[in-house]
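Working notes, beginning with the structure itself.
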Amino acid sequence: MICTKEMDMAKGTDYYGRFMDYMKMYHENDLDGCCAQTDGKGDRLKRPSQQADPDQYVHIVEERDDGIIVSGFKMSITQAAYADEIFVLPTRALMEDDRDYAVAFAVPGDWEGMTLITRPVWLREKDEPDCAPFCKYGVSDSVIVFDNCFIPKERVFMCGEWEFGRRLALLFADSHRHSYSGCKPGVSDILCGVTALAAEANGIQKVSHVREKLSEYAGAAELAFAAGVAAAVFGEKTSSGVFFPNTIYSNVGRRLTGELIYHEYNTLTEIAGGIGVTLPFSEDFEYAPLKEQLERFIVRNPNFTPEESLKVWKLVENVGASPMTAWYEIAGVHGGGSPIMETIALGIEYDYDTRKNLARYLGGIDKEFDDSPDIEREPTFGDGLMTERQDFKE
Amino acid sequence: MICTKEMDMAKGTDYYGRFMDYMKMYHENDLDGCCAQTDGKGDRLKRPSQQADPDQYVHIVEERDDGIIVSGFKMSITQAAYADEIFVLPTRALMEDDRDYAVAFAVPGDWEGMTLITRPVWLREKDEPDCAPFCKYGVSDSVIVFDNCFIPKERVFMCGEWEFGRRLALLFADSHRHSYSGCKPGVSDILCGVTALAAEANGIQKVSHVREKLSEYAGAAELAFAAGVAAAVFGEKTSSGVFFPNTIYSNVGRRLTGELIYHEYNTLTEIAGGIGVTLPFSEDFEYAPLKEQLERFIVRNPNFTPEESLKVWKLVENVGASPMTAWYEIAGVHGGGSPIMETIALGIEYDYDTRKNLARYLGGIDKEFDDSPDIEREPTFGDGLMTERQDFKE
Amino acid sequence: MICTKEMDMAKGTDYYGRFMDYMKMYHENDLDGCCAQTDGKGDRLKRPSQQADPDQYVHIVEERDDGIIVSGFKMSITQAAYADEIFVLPTRALMEDDRDYAVAFAVPGDWEGMTLITRPVWLREKDEPDCAPFCKYGVSDSVIVFDNCFIPKERVFMCGEWEFGRRLALLFADSHRHSYSGCKPGVSDILCGVTALAAEANGIQKVSHVREKLSEYAGAAELAFAAGVAAAVFGEKTSSGVFFPNTIYSNVGRRLTGELIYHEYNTLTEIAGGIGVTLPFSEDFEYAPLKEQLERFIVRNPNFTPEESLKVWKLVENVGASPMTAWYEIAGVHGGGSPIMETIALGIEYDYDTRKNLARYLGGIDKEFDDSPDIEREPTFGDGLMTERQDFKE
Amino acid sequence: MICTKEMDMAKGTDYYGRFMDYMKMYHENDLDGCCAQTDGKGDRLKRPSQQADPDQYVHIVEERDDGIIVSGFKMSITQAAYADEIFVLPTRALMEDDRDYAVAFAVPGDWEGMTLITRPVWLREKDEPDCAPFCKYGVSDSVIVFDNCFIPKERVFMCGEWEFGRRLALLFADSHRHSYSGCKPGVSDILCGVTALAAEANGIQKVSHVREKLSEYAGAAELAFAAGVAAAVFGEKTSSGVFFPNTIYSNVGRRLTGELIYHEYNTLTEIAGGIGVTLPFSEDFEYAPLKEQLERFIVRNPNFTPEESLKVWKLVENVGASPMTAWYEIAGVHGGGSPIMETIALGIEYDYDTRKNLARYLGGIDKEFDDSPDIEREPTFGDGLMTERQDFKE
């Protein structure tokens, strides 16, 4: 919505009204959507038009009166397999010869010419009878292949406006980073709760170093959440009427969570102990000749029954040593942009010049403090790091 | 104001009105105050009444109709030497036999019976002619000795209400921690600006690892500021009518800054190089036989004149290798409560129980998620760490 | 061998000769052994004799002329399922009333009265035809239940000498920590190689931040290895004739690896990207209608064929997002003693007193520097942290 | 000695014998020398011959039969002011047009044409009567200006052999990095001792988090020392007959100390508290009207007399908040090469290829593990980071 308005204003296109019509339909039908941004990308040091294989980025193959034909690969698209609608966006800044890669559209989840190759995280039957709630929730990621896929005109929201590639890519990335301030503390809450429960089941919840480590979850979760609050408080109204969160706060918050996620799992491991990877299988606990002994074995804190104790350690295993673990860790680093991407964004957007002027004043180089230097920030990512960006996107 | 109201409500005292009268006088005269909280504390593993020397904490020696007589030591009191008024508060939780240590009052800065032993940070004449602004600003800390000092009744705001010792101590500590979210980013801004300027003077401002390191200042400053914003957004109105910031956000923000301050100086050093401690003295640059050579020597980036180059490196020295450096570093760790104090505060106040209940639900131990457990948080600091707290305050 | 000699010298027992006879048989038959140290441990704040369930620690049930009867649980015993011989040792310091828990012996891997409940890491058929070497190597851990198990006298090497419980526990722990200086750098080498290969397959191997991150593996691996070298160089001959590595170096080396393991996986994730958890399954790459497209999709660096590219990303998945990942991470933290255990060991064994005397001399408190203070180190672990130790061993 | 031999072998020069004659004189006279490596360097992104001002690096102005004439700046040269002999070396890799900058020689400390501009760390009279030993030891750094300075032929050990610039620069740098494994643990020992003493004077030496923090000094000091031991064990004999330490271990050890130095000071501050920057001046403790009160004030642990207590806190101030503090911190980062320099060195010298081959084998790409790939390491620093190197040397 923001970018369609800006394109219309700059180029005289009519995307905004088209998008509003689409959005009305979307709301009226109460649809669920997902965003397909990350392309296959091929050689990460080359732009889309420089790739040996043109399909490494989704691109326009043909423009027709009634719509466009597109081809190319998107990857690491969480949620695509069960979304009503899929939004397709550019993943990076574009140059003039990347024009065909400046394309944005929305398609229903089962559209002809589009194939999803989907990988679920959990490899098990749905709704096992006594499956704990943690295991009932899952997620999947898809590679999406567009193979000469037709997109009707009313569903096309960018078509060749390469100057807006970076803008649209960042509108999604920055709002995604902002959303991490809300969703990632939920992951920390789970880890904090499981770790605190494991400490209790181990009977060590009052030990000093355990309490100190637990408090690190509070730091991770609440600083990230606070960054989200500040991004909202200092958000600004765009020309489309949509408010957008402040990008500095969005980026520092997202970066923090990306830097800490492995450490948070480390903390769970430190306090729960090794049992997450050495716990006998559930079947062994049901095996009659061993049952009595294993039920005694599993209790560490007498306030927990054998059944509860086993559930605690199964939860520790499921949270800290299951396929979901690696997914949370890797998505925790890369989803919405990995820490190096936020570092690059801050390198461009953070106002170093005013701070440098402050130093010039404090050092006696300038007589006055120039607190609003007339510097135009670089319009594109400033260095080669751009090329490694967003290997994982949600 | 908050605590006087609460004491009046609980104990039928009349401190609130007394304090409001005082505050009215304070506002009408546009006074500047400072808070003297940290006591000498003596043996850090003992409470005030257990000390061999009763003066290790400020205490009531005698109660009279017209006021009280107090004795004892306060220490590390920044700003006392140039404050109009000094507010004296307890520094920790108290037990019943600490009753005489439950005392709060305000005195003018030059009151009889009170001696300040003051240590300024900079040891130099005021207003050297060509002193850079950074060196013109300073600070000082005082030990304050109360020696049978009389405090008139209208200036006494707590007198024996030991049950409120912890409350009053934390009201100051937590609001001080909140204030760090505003003031400490200013220190980061200075360090960021000086480091960016040094990078420019070294001609290395575009090198990747330099840019990455600079972005860490953005993280430190803006996450701390965001914590302050969130603490304000989620603040609550107290019975006195005063709003108070959320303590979880205040504590996670303050802890972050306390953990990062040395690292921020490390970053300055990494990028500026060793010149901060090996730069020849100013007099050498004025010495005629060396002047021409040293002026050539000092220029690294041709966009800076010799005079500007020298000012940059003097600023690096003044910020990173002067008496002010250690003050900022040590105050950055301990002012308002060192990181271990915030860790203790989070250990008491953070809602681990709801998170543990979340884990119990996700692990299948509880059928429902109890998201508001009926747990009363421990009313006092839970362990011996309390005793090391607040060696440095303000 | 070391401890049997020391017990004989102190108590007039004859364990040393008995153990040498056993060891001769062990060498002559070229056997492979594993050590079962970690007990079930139950309530971690109580010693063995204080447990509600006596089987939480392996203990002597009966002493007979021809041997002993033992019962109890050992857990997290790597390698037990395929060892010729299993060595059983105490896991902690003992007091006089823990006498029955002071027991050490060796049994063949298939001994009557001993049950192994084993959990392998990989859940797949052995020797899949095109399984990459990484997946061919595996590991398993066992809970071991001793249920009135008879141990012949010639295989019993400690029987009631509780004063040597801590000594024997630490002899194993410290030599295990030393061994980490050799084996853990091998894990770092794998991670380093996979990360470097992923960087190459991504075409980003020359980017600055990638190279900086790769160098962290060098730091982790070589500092740990160096600690092992120094531990050997400064090892000492024991009364048994066996040399033993220096424990300070063994502990600082092991702690470093335990603190860094999650970070090393984080680095792999940062550089490889999200593909480790979003890569389509192998079967999809074999599915004819998708084969051509997925083979184009998977190539990022043209120096890699589609087949090689796929193998790189499967390796990234197997190393960074498979059941083996959590095992390496969790064993990397806890095997041989988690970081908190090394911290406790250093708290007891590191010579703080000489360093404190150095400070007393430098501060002018003592006239001379007393560089060999007559301090006896605490004979047992100094605080409650002991109770959380060694949840995961081997 | 190493490089003179190598130059002679490659170029037919006769430096080796000349240097051995010099070294014989040096030993016979039991001289003390210092190394002047770091040049002024000017624009850090340009090589010596590209500088606007040729004196930014020491260079040959004229070659004569009896010797050479040199000019240029060296900086941050510790110890120069009290060395008998000063060794001058190149500070970086050189290209052919840098030929005049390929120069090495030795001169007496008071040589004509050479001026030292010296900055001592402590600004006080020598041998104050009751100065604590810590304050009696000091250090100074010099800028050295060579102004058409004549160097006799017998003292010239490199003259135009630009191909050996990098070799000679690294021979000094790497041996200096190795020496850090010996000297830097001494700094950690002082910090550890002062922190332990401050903990004792604060009466908190048994508190868990204090003991955990103290153990970090053990990690820093002993891992660095171990790296030095391993570098020696794996050192190699050069063609000159001189043994040289292994550079990988030298670099990982030096980097660790450079990364930790600020953290070590942080630890002292955390445990000592704020008193290091708020302690009243010594004169105040001598002032009769305050003497009795301040002597009571200063005692925290009754096992320390007032005089001893004051000495502890003065030591904390001298170690943690004095001019010496910044010197140790900044030299701790940059002396011998800052962490980024070791990172660059590891990027070039560490054997990533063998590890990558290991990954190729484990992933099934190669059938065999090629454990000695025929890769020639890059002969010069591989990227622009070189240009920021060695701002601080010695």
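Residue numbering begins at 1 within each chain, and the chains themselves are lettered A, B, C and D in the order written.
The working rule: contacts are C-beta pairs under 8 Å (C-beta built on N, C-alpha and C of every residue); 3 or more make two chains touch, one makes a residue touch a chain.
Here the structure is a predicted model, which is why all the values come from computation and not from measurement.
Colleague: Quick one: how far do you have to rotate chain C to sit on chain D, C-alpha fit, nearest 5 degrees?
Modeller: Copies differ by a rotation of 180 degrees.
Colleague: Look at both sides of the chain A and chain B contact and report whether the same residue positions are involved, with over half shared, or different ones.
Modeller: same
Colleague: Please report how many Å separate the Cα centroid of chain A from that of chain C, as a whole number.
Modeller: That gives a centre separation of 35 Å.
Colleague: At which residue positions does chain D touch at least two other chains?
Modeller: 208-209, 212, 385
Colleague: Using the touch definition up top, name the residues of chain B that touch chain C in the complex.
Modeller: Those in contact with chain C are residues 208-209, 212.
Colleague: Under the definition above, what is the set of chain A residues touching chain B in their complex?
Modeller: Contact set of chain A toward chain B: 130-134, 189-190, 192-194, 196-197, 200, 206, 208, 211-212, 214-215, 217-219, 222-223, 225-227, 229-231, 233-234, 248-249, 252-253, 255-256, 308, 311-312, 314-315, 318, 343, 346-347, 350, 352, 354-365, 382-383, 385.
Colleague: Touching residues of chain A toward chain C in the complex: what are they?
Modeller: Contact set of chain A toward chain C: 40-45, 52-53, 55-56, 73, 75-76, 115, 117-119, 121, 141, 143, 145, 147, 202-204, 207, 209-210, 261-263, 265-266, 269-270, 272-281, 284, 290, 293-294, 296-297, 299-302, 320-323, 325-327, 329-331, 333-335, 338-340, 384-385, 387-388, 391-393.
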